[in-house]
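You will see chain A twice below: alongside chain B first, and alongside chain C after that.
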Partner chain A sequence: MTDEQTNETLLEVDAISLSFGGVHALVDVSFDIRKGEVRSIIGPNGAGKSSMLNVINGFYHPQEGTITYQGQARKQMRPHDAAAGGIARTFQNIALFKGMSTLDNIMTGRNTHMSKSLFWQALRIGPAQREEIENREFVEHVIDFLEIQSIRKTPVGRLPYGLQKRVELGRALAAEPTLLLLDEPMAGMNLEEKEDMSRFILETNDEFGTTIALIEHDMGVVMDISDRVVVLDYGRKIAEGTPEEVRANQDVIDAYLGVSHD
Partner chain B sequence: MAFDIFLLEVIISGLMTGVMYALVALGFVLIFKASGIFNFAQGVMALFAALALYDFLAEDGWFFAVFGFTLPVWLAIPATGLIMVVLAWVIERTVLRFMVKQNEIILFMATIGLAFVLEGLGDILFGSDVKPLDIGIPQGASDWLLDNFNLYIEQLEIFAAGTAAVLVVVLAIFFQRTRIGRALRAVADDHQAALSVGVSLDKIWVIVWSVSGIVALVAGIMWGSKSGVQFSLSLIALKALPVLILGGFTSVPGAIVGGLIIGVGEKLAEVYIGPMVGGAIENWFAYMLALAFLLFRPQGLFGERIIERV
Partner chain C sequence: MGNSLELQGDTFPQLLLQRLKHDAERPAMREKAYGIWQTWTLGELCEESFALAAGLADLGFARNDTLVIIGDNRPRLYGSMIAAQALGGVPVPAYQDSVAEEIQYVVDHAEARFIIAENQEQVDKALEIKEQCPRVAFVIYCDPKGLRKYDPQVVMDIQTVMARGRELLKADPDKVNAEIQKGKSSDTSIILYTSGTTGRPKGVVLSHENLLVTARNTNAFDGITAEEEVLAYLPMAWVGDNVFSFAMGFVAGFCVNCPESTNTVAQDLREIGPTFYFAPPRVFESVLTSVMIRMKDAGRLKRSLFDHFMKVAKKTGVALMDGQSVPAWDRFHYWLGELLVYGPLKNTLGLSRVRVAYTAGEAIGPEIFEFYRSLGINLKQLYGQTEATVFITMQPDGVVRSESVGTPPPGVEVRIEENGEVVYRSPGVFKEYFKNPEATAETKTSDNWVHTGDAGYFDDEGHLRIIDRAKDVGKLNDSSMFAPKFLENKLKFFPEIKEVVTFGDQRDFVTAFINIDLDAVGNWAERNNVAYASYQELAAHPEVYALVQGCIEQVNQSLAQDSHLSSSQIRRFLILHKELDPDDGELTRTRKVRRRIINERYGDLIEALFDGRTNCFVSTEVMFEDGRQGQIEADLEIRDAAVSQEPSRAAA
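And then the complex of A and B:
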């Protein structure tokens, strides 16, 4: 929990329902994310966690419900608006630009902070060049922060899995996000890598006051770093609260142990 | 000695033809890189650009009929460029927008349709007769080279090579060093991730099609100046296919090198192997070469390695 945490709501999803054909991915899900907190979304496979993140950053458009972000309510987000509004994310299956270097990948994260017109960019002089240099500087800070100086110029397709995850986090951080969505940032990592990643997430939260929504399967990590947890199962919210409350909740235990639903 | 000069001339003339192929191939590469679409209409776009340019310049065109004057060359070229940008925008609005997330083959079919529409439109608007395009590029052989080195090389071809070189350098810088260039590469790599960092797909597609429309304009000018603006120009685009197979569909330098190899290869084959088999090798040699490449190096010389996980 950071000092900057208040009770101010940053994002609220209200009665969100999302289905694909006959498949109900999310059913009447409501919860909020407060400014400055680490909010974890947990649940068994197929519970709708990733769908929820996709709704928040506008990849999926829910059929019902409203999303209120920074006080502005809407039926659905659009990816471009979400990014422009300060929502950045990482993906469950790493989605980096494989042919590009670490540096260039993280530079794309600055996209929403760069505005000089195509005309200046084509000439690559004056304002566009200055803008490029300023943003490059910021990206170097991100690279230092994540301790990946040694792979700055390496095409990311060649990096090992753990480092790719870190570059992806870097790309999201480069956007200086207000809300950072992390979809299983520690999946497939060894213990040491997980500890590094947890440290980066907590430092991001502490130092920059970035609000974080986190999907993670490693319960140890979730219990350690979350302020509050929301639990989904079969597209429905079955519990929420502090890590301790959630851990003691019978429905949650049943969901994880696979008690039958009928 | 005379023989060597002849060989040199054949090679140089091949290189120059290759540059022309490369110009067309470049347009294909740009769109393929950013959207995975093989744009069948690229050749017709070059034709359309050349037709529009001719229209601004000639006294038998629409522009003269409506406004009563013709545009000078330095104004007509940017005006045609503007038309290509508008065309890109219209294509995005009316075709591409509705095809996002569709299978690539469907997009490919859409561009075939587009090719027919554009060709028909060009025919209706400008007529199908061959039009001489003269924008003041020097014609005929270079006297200087002829006098000093006894080489016969068309000035137009030297001009085309120079233009292509400039174009490639500008595109390379644009792709590697600017935000929009990075965004283009990002879109090519991963649509979702690109969206998540706030890249707008609609905008990127308009930009890509505009840039490749302008490359088509350059190609149209060169081909039009060389052999007149005629509808067979759209067929020359088919020669870009083997160029792409050689160079790799995603590589700008590949398009250039591929174009040069095809250009030189077919000229050499025509001159040295042609007589043995009765000539006209030039027409199919490129495709044979492409076939050989498909067998042994399907990703081309510079393309991204095709790695299948099993």
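And then the complex of A and C:
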């Protein structure tokens, strides 16, 4: 939780329903994300967590409900509006450019901060070059922040999984996001990698005041780093509150231990 | 003083004040940060250091206070050493990857009130230490990442301290200078805690004079000038870094480069291309291994080029390096190799510009040593210790051997004691062990001779050879020296031999237990159609015995060349039926032989080696990995190995 945290709401989803044909991925889900908090979305497999993130950044369009981001209400987000509005994300399955270096991958995250036309960028002279240098400097700070100097020039496809996840976080951070969506950033990691990743997430929140929405399965991590948690099950919100409250909630325990649904 | 380049100054801060007059614009340090090499000129480095000094003084840092420094090599950390010295205080660098408890001993023993820590990781350690050592008042950090929530009364940004110092200097510009002028050459420059394999670490106190004189002498010895490039990547708490990067750098005026992070050293090395380079043998070894592995994966053309020219290098390279005469054709062939193989290889390794490279600390394998020298890299060995401000002997250009460690440089006297122990006296001899007069008296005589604890001798060329720890060296019955570890290491250079135990103290001749290396011998057995079902069966195979006998006889031959060691030739040996194992207490966890246990367990085998039996029955208890006990029985063959005649005795 950052010092700047206020009770100001950054994003609010209200009565969101999303279905694919007859499958109801999200049913009447509402919650809010406050400025500067770490908000976790948890739930068993298939609960609709990733769908929720996809709705927030405009990849899926819900049939019902409204999304209010920075005071502006919309029926649905569009991906480029989300990006331009300062929403960045990482993916459950890493989505990097495998053949490109760490540095180039993170540079792509600066895309929204580059304004010069393709023509100038292709020639790499004058203003385009200046812009490139400024952005490179920012990217170097991200690299320093994530302690990945040693793989700066390494093609991402050659990196181990844990480092690829870190590069992906780097690309999201390069966009200087207001809201950072992390989809299972610690899946498949060993304990040390998880601890590193938790540290980076907390530091991002702390140093840059970035608001974070996190999907994670590792309950230890979630309970440690979240300010508030929302729990989904079968597309519905079944609980929400501080980690302690959620941990004690009978519905949550049932969802995780698998009580039969009649 | 005047215009001569001979620099005056009794302490490092005084030396820097002198140098500032002409060299303020010269680059003194670089650090790679944010992907770019950032330079501190001497002027900038001193400005920051003196501002820090003023800030520290304001926090109450006084003459003789200690400043514990924890972190990787960073210009600001070197600067904090200058700051402490400027105030007449003492920097005490600690090993940055030690756990808090280990550093706590240093902090406590050095009575430090101030700790400078590089980043959050080290600050956390420092705060953990502070709980146990309430004396610690301030923890100052360089990298603010992750530290915003810490108590600013205790944990401070170095920038804040410097800013405070700058304010004070504005009001009183001579504040720090006046303190610097009070420094004397006999003042303590640094306290370095030796890691110490046995017992508690000892704080070696070195004076400014120790370091300044040693740095001047060494710079002269190898012609080190202000034009060198050096990469400072070894721990700041190690005496070598303090001498190579700090003392020699400030005396000669060359630029010291700090790598971006510990993981980027190889890339940074390549970018800097140092001209003066130090690495312990294991670094050279692992680089060689990675080169060999990558060459095995290379295409056939590259591989055959590499193999061909490495043969050429082996034949010609070392001779060229030593300045011997080489036929014109070989010279041309080598030149071609330089163009096609050696040059590009050295470039990849970042060693293209190396003029002088040193290795020390342990024995380096002769093949590894020769590999680098044959490429045209002037790799040399030195022998030293913290108590000597590093240098006891060094190899002069042109007379470099893999098995000896050179001659004493100017100003150093070396003597061999009655029991074979190496003792020395030099301008670098340490003042004392901090707060430990007993240990000081044990190590250093009243007339400044220091006991190294190592046994050695001067060979026929006058070069020092270190053979063993003095307490492990024994005597054969003909009163010649018996150095078990030296013999064992020589045998262990063969890949087929994994472990050796030699016997000979108070005996007529030397014998050995051999452990074969299952991987290497197993591989050899496959290639030579030797069938075996178990370790025990392979070890007892006559052809394996023949293989090992060949290794021993090679060693005997080389021992015969040396008048001091020719009676240490191994006359009889056996191959053990089981691997010596830490689980059975035969080795320590770091794989050092426990001689006492071996003597107890295998007493009968040892007697059999000396009484002439040709085989001996043995039954040993072993501990399996699941903790069960078992018995292994075997009838071991004992073989004689051929002994080479000593050249001089043969002639007589």
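Throughout what follows, the second predicted complex is superposed on the first by the 262 of 262 C-alpha atoms of A that agree within 3 Å, B and C clash if a C-alpha of one lies under 4 Å from a C-alpha of the other, contacts with A are read in each partner's own complex, and residues count from 1 in each chain.
One rule holds for everything that comes next: contacts are C-beta pairs under 8 Å (C-beta built on N, C-alpha and C of every residue); 3 or more make two chains touch, one makes a residue touch a chain.
Computed from a predicted model, the values in this text were never measured in an experiment.
Asks: Superposed on chain A, are chain B and chain C clashing or fitting side by side?
Replies: After superposition on chain A, which the two structures share, chain B sits beside chain C with no clash.
Asks: Just checking: does A:D144 make contact with chain B only, chain C only, both, or neither of them? Give me first, second, both or neither.
Replies: The answer is second: A:D144 touches chain C but not chain B.
Asks: Scan A:D224 for contacts with chain B and chain C and give back first, second, both or neither.
Replies: Neither: A:D224 stays clear of chain B and chain C.
Asks: Give the angle at the C-alpha centre of chain A formed by the C-alpha centres of chain B and chain C in the superposed arrangement, rounded to the nearest 10 degrees.
Replies: 90
Asks: Considering only touches as defined above, state whether A:E245 meets chain B (first), chain C (second), both or neither.
Replies: Touch status of A:E245: no partner.
Asks: For A:R152, select first, second, both or neither according to whether it touches chain B, chain C, the two together, or no partner.
Replies: Second partner only, chain C.
Asks: Touch check for A:E203: first (chain B), second (chain C), both, or neither?
Replies: Only chain C is touched by A:E203; chain B is not.
Asks: Determine, for the superposed model, which of the two partners chain B and chain C contacts more residues of chain A.
Replies: B
Asks: Using only CA atoms and the superposition described at the top, report the least gap between chain B and chain C in Å.
Replies: It is 16 Å, taken between the nearest C-alpha atoms.
Asks: Per the definitions at the top, what is the overlap between the chain A residues touching chain B and those touching chain C?
Replies: Comparing the two interfaces on chain A, one with chain B and one with chain C, no residues are shared.
Asks: Taking the complex as given, what residues does chain A use to touch chain B?
Replies: Residues 57-59, 79-80, 83-84, 88-89, 91, 95-100, 104, 107-112, 114, 116, 118, 121-122, 124, 128, 131-132, 171, 175.
Asks: In their complex, what parts of chain C are in touch with chain A?
Replies: 32-36, 145-146, 148-149, 260-261, 263-264, 267
Asks: Taking the touch rule as given, give the residues of chain B at its contact with chain A in the complex, in rising order.
Replies: So the residues of chain B touching chain A come out as 170, 173-174, 177-183, 185-186, 188-190, 192-200, 207, 304.
Asks: Okay, in this complex, where on chain A does chain C touch?
Replies: Residue list for chain A touching chain C: 136-137, 140-141, 143-145, 147, 149-150, 152, 199, 203, 206-207.
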